[in-house]
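Some structures to go through are shown next.
Common to both upcoming complexes is chain A, partnered first by chain B, then by chain C.
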Partner chain A sequence: MVALFSVEPLSLMAIIVGLCTLGLTSLRNCMAAYGVQTVALGLLAIELGVQHGEPVALWVGCVVLLLKGVGIPVYLGVVARRIGCRRDEGLLIAPPLLMFATLAAIALLVLTPGMAAVVPLHVWPSLLLVTIGMIFMMTRRMALTQIIGFLMLENGIFLYGISQPHSMPFIVELGVLVDVLAGTMLGGLLAFRLSDTFDHIDTTVLRELHG
Partner chain B sequence: MTALALYLANIVVLPLLLIGLIRKGKARLLNRAGPPLFGPFYDLWRLLRKEEVVSETTTLVFRAAPLVNLAAVLAVALMVPWAGAASPLRGDLFLAIYLLALGRFAVGLAALDAGSAFGGLGASRESTVSIQAEPAMVCAFVALAARAHSSSFQAMFAASPADGLGLVLVPLVLVALWLATMAELARMPVDDPTTHLELTMIHETLFLENSGPNLALTEFTVALKSVVLLGLCAQVARMPWAGLPPWTGEPLTLALIGLAALVVVVTESTAVKMRWRRLPNFLSFALVAALLACLLVALKG
Partner chain C sequence: MNALITLLPIPAAIFLAALLLRDARALTRLAAALMAVQVLIAIGVLGRYASRGDVIVAWGFRIDAVSAFFLILTSLVVAASLLHAVFFFEAEARGPHPPSAFVVRAVYAFLMLFTLSMYGVVASDNLGFLWICMEASTLLSAPLVYYHRSPRALEATWKYLIICSVGIAFAFFGTAILYGVSQRVPGLGDGTLSLAALGAHAASLTGPLVRLAFVFLLVGYGTKAGLFPLHSWLPDAHSEAPAPVSAILSGALLNCSLVALWRLTTLMARAGQGAFVQATLLPMAVATVLAASLFLLKQRDLKRFWAYSSMDNVGLMAVAIALGSGTAFGLQALNHSVVKVALFLLAGNLLQESGTLRIARVRGLLTSYPAFAVLLALGTLAVAGTPPFGSFVAEWGILQLAVAGHHFVCVAQLLLGLAVAFVALSMHASSMLLGTVRSGAPTERFNRRLAVPGLLVTFVLALGFITPPAWLRVRGQGTVVHMRQPLPRDAQSCAPEGPLRRLDGLHVNLPQGAPTRP
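Moving on, here comes the complex of A and B:
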């Protein structure tokens, strides 16, 4: 059994927001939830930087908070509004049911007796966040929500990076951040192209023949 | 003795005052004068003196249901320390939940008893909403009970959240309780309490057949249930400040109930009623928050 409660409240909040995002169907709300999650992780990085006296973590936290936490939701919101896509009903099972299933899976994972020995305590939040991001990416049909799922997965990796005892070098963190930003912009552009060509961004019907 | 008198005064005065406050607040938010603050008291007095019109197809169930509902909710109000002061009777979580369910069951039966299809529609809708809202409420309280190692409400609210768990637990339980309360009391965005269109009613369909004294009892019971559930939410919100002296319990609870009423007023004036099919999406967040709270308490040990 894992004593998750002793983990930082901010990373717990990021996991809880991620779990609740699984149940959201409105695109605007998904982006807002992703923004809240990233702001929480940025604040966590700043707090860790202040606690351990590492200015690197502080700067990384600020940059993440502004660019990823505020910039990306705004950008994706503009893209979504131009495309006119509002709701994402999800694939196979309804979002609330998916939320329950993920909660059950997480509970099973965390309450299994041998787990505390296999996975160290500081890895658990990032592991759960990566899992939630992957599940979100896999079970959505619109291209934009799949991008948000990928971004949540990257949030999990970022959390792993800052929760290590020895933090990652500044250049690596910045490199990953630039990659993520570039990837998101390309994803937004691709969503535009999809919408131009097919008049929708529903990935499940992309194989239909037209005309 | 004075504590008991104060408690009974709470039960008699606060529910109708809360309803009057909510109605007045909604009107003021729309820049209208609104009904008088003690309007519900006058309404009750008027209804008690009115003649009752009862459908011919009804039986004893229709006559007895408002009494059963009132008795159940009154028992819960006397058992649960919702007002910040100690309750006269000793309360248990499961007894309270079952009593509330008994009241709801009786009212549903009475709606079916009137023999119209509309009553059946209302009973079915109310049951559907309760199926989703009640587990959330139960699980939220079970999280607190598991933490306090007791199912008594007094022990639950007295457990001090000094450790880090309380910081995350109280907001989760509060979110679960608030959403479940909004569903139970048929407030926006689950249901519009002021609607005149029968097709959009969920909770009021159950009371549409009542008139006169039956309606007076029913309205008072709804008001009492509102104030008890909001009082419980206030108690949970008060938990981080458990270190304050006991005499601050009641004023703080009343202030928090007033704040909750303000939130209800603003929500009812700005939000729209959700589509019926989107209701499970909305209420699932309550159950997830409650289950998360239970999981966190289970992890703590």
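Moving on, here comes the complex of A and C:
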């Protein structure tokens, strides 16, 4: 139950920002929140890199901060503006309600005795971020918000990587970063095509193929 | 390691040709010729590794029996598809929506990068590289699925991109956890992602985190392989892509994800988690076979039909992996890839000839288009695992393996699944082959577009006759694909523990007195 209290302030901030994002409906705010979360994680990587004298973590932190923390929100913001998509009211459940429900569920999980034995303490922050990203993806309609959910999920994995005693090899981190950036670019382009073809980017209406 | 480098120039050359050549016709022919050479190079350079127990690891990549075998198979699938693509694009140019030269060039450029990413997946020793190549294969093949530019194709591409990316993200989480665990293993220094190094210290990979990592990796690579219930993207992407791309997605890409699962399964078995691996992977694999066979019954579109049949076969391969037999996995992969490429190419022909893939709209192929009908019938029999095709030998081997492991419930479920699949396959195929010809049905006698599928179906038929004696003779020495992955020299002391090891010797179709691998 001490899980959350032993967390770095920056990763705690990332989790709180992630939770808040669950309650947002404006696409612009969602992107800004993603940016803040990613910048926090980039700063954490830089901090840990300086602390442990690991230049790899330092460089990765800088690149992530610039490309993912600033570049991706700007790119997705441009795509959203061109498409003319402003809000995502969520699927099945109103976003603010979802946010509080998730908060309650997390509190319940953390306070459950014996949870620390099932999942080791150091996995908690990243697992929470991954779960939040997953919940975000599953409860949103728009193609762009789903991309943001995927990126938040990926942030959780990045947090796990940097919170280990040694960071991943630079080439692996770089390859992952290139894949994530390319995937986001491709997702944005497909969102354009979706809005051209269907006049909307509501993925829940894509029901042509089934069975 | 030079063997791997020799595989690079030809895809790179085709990629450059796609960028520089303005003539789409010349490009398709050049690519087909070069890719045929690539198969010969792959067999020449890697063939000897496929029949030996050596493992060479350098720069994060490895050559061993598994990677050599699947590199050759991937090259073969791509070459067959590109050879057929020459005729496919000629027919497209005559069709109602002729692709521009730019589109054809883009298809070839992406196809070559996609092929290289599949090579990367199969030959990776580093789990990070494996993940990067796997995600790259999704990103590079997504534009290929969008070839027809229809709303359906767009929907399929979107689902493919988002579902596979999220799935693979979980695999990266698993990879990161494994990396974290390796940092706490004495002897591995700052941690490692190398399969060889992890395998050598497998005995120290213990605790709940290792199991958590495997679950994430299974979810991730299982999504990409199309294991139930993570398969929803598969029929969409495979049916909306153009025929040669569907053939590659089904015949090569699915194998790549299964190779990733095989690598992780063997690693886990060495870490003493064999029972856990079997308990998670085997039910999923059997469920895949059952679900796919039920889906097969209600399909109305021929390409979706073949896509679900691929899922059925993926389930069987996953059963072989869960039971720890690389031989059965390799044999099933070989047979399935070859015949499924033929069937997807035939489906492409049908779409081009008659403008529809609706099974209900195609009737009387045996009278209107006999050569095509015969190939379709043979291909359907082969994919259903009927004797004397090679796929029968492979499926029989898997069932025997399951019986030998005392997984009787699994055997019963597999038999049920296979029987339902057989009913579905024969029901739909016979409705297309028999009956009276409708207007607008293809009426050609024979054309060049049947050449590649014909060769492939003949190959599967031949495998049925070649395999049993050859396999039984050489399997004892571990030829083609090993049941037990050979360990690096310094790891010989860490032999695999648990059920997987026990199963290694359980190939009951080995003849008495066959030499066993030391």
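Simple rule for what comes next: the second predicted complex is superposed on the first by the 206 of 211 C-alpha atoms of A that agree within 3 Å, B and C clash if a C-alpha of one lies under 4 Å from a C-alpha of the other, contacts with A are read in each partner's own complex, and residues count from 1 in each chain.
Everything that follows uses one rule, which is that a residue touches a chain if its C-beta (ideal position, glycine included) is under 8 Å from a C-beta of that chain, and two chains touch if they have at least 3 such contacts.
Since we're looking at a predicted model, the values are computed, not measured.
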| Looking at the overlay, does A:99 come into contact with chain B only (first), chain C only (second), both, or neither? | first
| message | Once chain A of both complexes is superposed, is A:164 in touch with chain B (first), chain C (second), both, or neither? | response | second
| task | Pick one for A:154: touches chain B only (first), chain C only (second), both, or neither. | result | second
| Touching partner for A:194 - first (chain B), second (chain C), both, neither | second
| Looking at the overlay, what does A:88 touch: chain B (first), chain C (second), both, or neither? | neither
| Per the overlay, which chain contacts more chain A residues, chain B or chain C? | C
| task | State the interface residues of chain A toward chain C in the complex, per the touch definition above. | result | 118-120, 122-123, 126, 130, 134, 137, 143, 146-147, 150, 153-154, 156-157, 160-161, 164-166, 168-169, 171-172, 175-176, 178-179, 182-183, 186-187, 190, 193-194, 197-198, 203, 206, 208-209, 211
| field | Residue numbers on chain A that touch chain B, as the complex places them | value | 1-6, 9, 12-13, 16, 19-20, 23, 25, 94-96, 99-100, 103, 106-107, 110-111
| In their shared complex, at which residues does chain C touch chain A? | 126, 128-129, 131-132, 135-136, 138-139, 142-143, 146, 151-152, 154-159, 161-162, 165-166, 169, 172-173, 176-177, 179-180, 183, 190-191, 193, 208-209, 212, 235-236, 239-240, 295, 298-299
| note | Listed in rising order, chain B residues that touch chain A in their complex are 164-165, 167-168, 172, 280-281, 284-285, 287-288, 291-292, 295-296, 298-301
